[in-house]
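Naming follows writing order (A, B, C and D), and every chain is counted from residue 1.
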């Protein structure tokens, strides 16, 4: 188990290094100069040059890459070109919104998807099953930003139950914070929950067709008991895979949703930084998001082992 | 039914809390579209910085009033030598920075010298380029000597880029601005909001609000929703004119319409064929239906202009007739210029909706006369890179929001590259002239000249719409500069 | 014959296929005819509610929304089709090669590169690409296409690996056939079903991705209508002109729904396991 | 009224008849063997008793257990009966256990689910039962997971689960089909012992006459959903009435006519010298030495022209690896394989004329053909090995000839493979092997997946082809009786090594190596079983 983890960890490190190179290369060729953006349209050439000097933009790209990667390893992500504050502080602030949002959305989607999937699977072919599956088909097909727009119209503008966006800060209390994240989390969770419910259902149905479920039934377990005691845990393996894969989509979705609800999270930071050519922030945030995806994949891999003893033995 | 009751209960609970808050309101939440990159107005061009700190946190020698006129600020009064070269300012005494240190002539000298120094990163360095020397005569007297007369010098000193800062605190001003204004910078939640609170030690008339929060809402939809949900109390330069009728119809809100200094123009690359041909530019000006653009892009908000000058300025000349909408004429003029089948060009659009929407309309109008326009939407940084500094564009739409900026036509390297010796001479004359009548005459001639040369397509003067809670008093109607002056704002209970 | 019959009897396939056909048909028809010219602005008639002349109403420039949805279908479908095409054309050969040379360095490189692409949240890469090359339909295609490559490569490799252990592939090897030839003659035809099913799913994801990119302004540029941009532009008007947002939204939902249902149906129809069970 | 009494049982799936008027009966302590080939409905009959049928099935008739009609029971009542009164064992031990639960939990569950004992008591019962089925506590603690056990051991766990509550009826559906002969013998012994100890009634369902002949008191023979013959085991075999029974009996002890003894050509066709095949194992530590596993260890033998050589061994002994090495699909790490004095080299380096010398027929008649191609293209695939590929009419003619050779019709060339039965497919596979007229055909378990009656036909065909075309076979199988009936000489392989090598009859009648002896003793033989009885 330990050796398995170490090996995975090593390849994880390598992919992160490769990702950092890709990110840096891509972003370095982005046209646009942060210094001239900051100084606007009336700035003189010597002013721009002075600012470039001050921002450390006049050393070679390779040197900047090395200092960026080196810095990240020691927790120093550099200093934002436009905000002149340490990137790590900016990310720290934003992550306090993006991370809770991701967790909120993930929990919501799991809370909806598991019962829905299990119910549909256990009543396969019934009206319940058909309606749940129909709903999930629609849920998968709805673009989350459109759904978010509809939610805002209904719950913020008309009913005025939730604020239309923005984030008051966690210092206003947990409930206030969660309330502000509710509509964004719902719009993120909808497609995720739909996919997850479908996977849950089909994994459960597949597992219910396995030989060992038949064995369990021969022991005298009812269909229900066989599902809860035997099929469910085995069905978790594909479900976990999907949860892991979805995390990447969740992050992508969050970038858009944060813009719809003007939440000051990482997604908005990346958009804003791209338009301001705050390259170092873009690089660091993208790197962080990639890191998050890779780490989640890693965690999912470890969870497999918790679910499936066959993987535990493979050390 | 049960649900309905519950909903009522929640609604009334909300109403009660809301009314409790209303009872003694001395704070305000103001929506602004752009978050400032940092808070030092002397270190970047971002209008977003001014919209938070101008007049509230930082003050200059002079300042803009709500109607665009110039008022004394830190300078109590000033005298100008007859040759127009020497300005002597006498400062208010007893002015203190927010850190408790006093503001005196030394700070003025520091601020002006810093802005014009070789390593200055001031975005409007040109404002100070005419200064020869700055001398602190005594603690409240400053003498500024110019190298050449400049009729706009007092006006220039009102800009946000010319505010007075202290040498001890300027290094940290980007995150912790220390000024002399009626509000003190308190907190910045990056990506979300900036809070300023009342300066109890203010030298002038104190502010009536205890605190103000600027909330960054870049998305127009979000701005609409935030106002409707009363998450923000006021939204100056409201970004979506299409929503104004709804606010007007809603008694909770007031809508203040005014003008800005933003001449919105179809900037034309005067060096790029076929736009180097004045006939082509003239033909194009007749292909554009300004009213359709104002209706379509701005939902009726905006004043048509025929030259690069603000219509609310007394010296404005209405020249819209010179480029009236006449597509048939445009087609025949194009044919005369040698383009009977039209031509292809690019239209590069920065993010604001006046540009994006206006661009689509102009593209459609130009297509009617045979000009095939390829639209590309750019981020500001790309726009600066490609259009503004790269000259790689045929057409673009941008609103020039700097006040009194007709002088840009005298800069041949300026991105639309209008190079006219006559016009450059006019500007030299203008700077030399100190007599108001003479200045007025020159300005009118300048307007006429660029209109005759069809340098750019002149579209409309950008209007400013402020949406605010109906009980708020004292907000600016017009936007002579990018500022959210809260010094005189209060709640009318 | 029986296949046709079971096709007609497969409800989700038929519903899905008719939705998809409706929009593909609309897209094709739009080349020949639309009720109104979508590049022509008619500002005096802006923001009309749905009526007998403008079935879905008009937008803020007075353009006919019905016509725009027809032309928008063209954009969405073209972007998605080409993006999926890129995924198949590059991904399938990569997957086949990786499977044919399992555990070789090449396999390792292909699979690790795939993992790398997977690690990037899809939209982020799209944002980066469009930030570099500027927003356009072509760059949207590239951005979405890049994400389809590992999807198809991985799927192909997985399916091909299991086929490589089958006896008929062994026979072909005994007959001295080379790995590329076996891949083309024996592996490819047998993963075609999977490709079709995966293709229809990726197609629907492509439509969603295109809508998302256009929504944030990185997709097809005006004056070409696109569903995502129609939604983005309608956003500030949704409270007084909801039809601007509702129709393009429904178009996306129905197209994606149609393609997904079709994919599910195809999976049932083409899965030999299920086909046998049905006998 | 007997203990188990099935009367006129009919079963249909979506209206299609599966079982027709099946009747049988058995007493406690008796073993009743149910025999049939695939599709005879024997498994469906077992599931009918358990009421574990797929959806869409309908039963009629009567299944009485101890006088109670099971067909009238509700699902809840059946749950109480399953595991408690009736236990069941399945064919595939590898998948019959839940991979994520310990064996202890799974056995104890049988007890717990029927509410017969506390959790502690249940694990005690589980422990005792596992001991009974030969899984002692020292080696097999309750905390073991299924993947840590071999196939035979897993089947013992399944048996433990079935008998934990000492049911009165035990149904075993092909319990040993997936196991090696030696394991099979042990499991059968275990079942026999348990029946005797607990006085259960055992319904043993199998396709293997040898298995039932040794074990069963009564036999029921089924064909396409009907019982064609039933009776006391030895009486039935002594006095077979139904032609199907006779055919089955004949086929399972079938010895194909090997034809005239051919002039043994001394010329060696295939020579294997000290062949070694190592597999590299995944690294255990990041920097540790990479381990390896020797699948084939210094194997040597010679196959002369016209000879039929058998290779016998249990799963995992290395026989498949050896085959692949001979076919040039895998590289050797030592030694040499020569065909007609030319060395075989793996990969594409292998010259065509060498490949042309040998062809192969695989076990699985369903997996051996690309389902997307027509028979003509499938059979013609080896033409690739000709210097000049045949085209058009010539090619067609060769395909038709090959099909006729194996007893198929020329028109079959235009059909797809799914239109044929398993036996027909194996014929087509042989046609494909024959088409470029090789000297050697490797038959890798080529008849193992076939029902006995079909198997007999294919064996006859092979014998016929061998004598007519002077072909050599390398006949690889786990089934001793088949190898014995068709080969001239035989090799016995164990753990990568050849432990015995000699003339077939000699090896079978007088095995030298201990392993060979075990193997032969373990193989269920119909004849032996009947003879034993007669003595």
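Note that a contact is a pair of C-beta atoms (placed from the backbone, for glycine too) under 8 Å apart; a residue touches a chain by one contact, two chains touch by 3 or more.
Please read all numbers here as calculations on a predicted model, not as lab measurements.
Chains that touch both chain A and chain D: C. Using CA-based centroids throughout, the chain positioned farthest away from chain D is B. Across every pairing of chains, the maximum count of C-beta contacts belongs to A-B. Note: centroid distance chain B to chain D, computed from Cα atoms, is 86 Å.
Centre-to-centre, using mean CA coordinates, chain A is 22 Å away from chain C. Note: centroid distance chain A to chain B, computed from Cα atoms, is 39 Å.
Per-chain Cα centroids separate chain B from chain C by 44 Å.
Touching two or more other chains at once are residues 31, 149, 157, 259, 274 of chain A.
Residue positions 131, 235, 238-239 of chain C are each in touch with at least two other chains. Within chain B, the positions touching two or more other chains are listed as 219, 221, 224, 228, 379, 382. Here, these are the chain pairs in contact: A-B, A-C, A-D, B-C, C-D. Interface residues of chain A facing chain B in the complex, by the touch rule stated above, are 31-34, 36-44, 46-47, 50-51, 54, 82-85, 90, 93-94, 149, 152, 156-157, 159-161, 163-167, 169, 259-262, 264-265, 268-269, 272, 274-277. Interface residues of chain D, counted against chain C in their complex, comprise 327, 329, 348, 350, 352, 355, 358-360, 362-364, 367-373, 381-382, 384-385, 432. Within the complex formed with chain D, the residues of chain A that make contact are 3, 6-7, 10, 210-212, 214-222, 225, 229-230, 233-234, 307-310, 313.
By the touch criterion given at the top, residues 50, 52, 75-76, 79-84, 87-88, 90, 92, 95-101, 109-110, 113-114, 145, 147-148, 158, 161-162, 284-286 of chain D touch chain A in their complex.
Taken together, the chain A residues at the contact with chain C in this complex read 11, 14-15, 18-19, 22-23, 26-27, 29-31, 137-138, 140-143, 145-146, 149-150, 153, 157, 248-249, 251-253, 255-256, 259, 270-271, 274, 286, 289-290, 293-294, 297.
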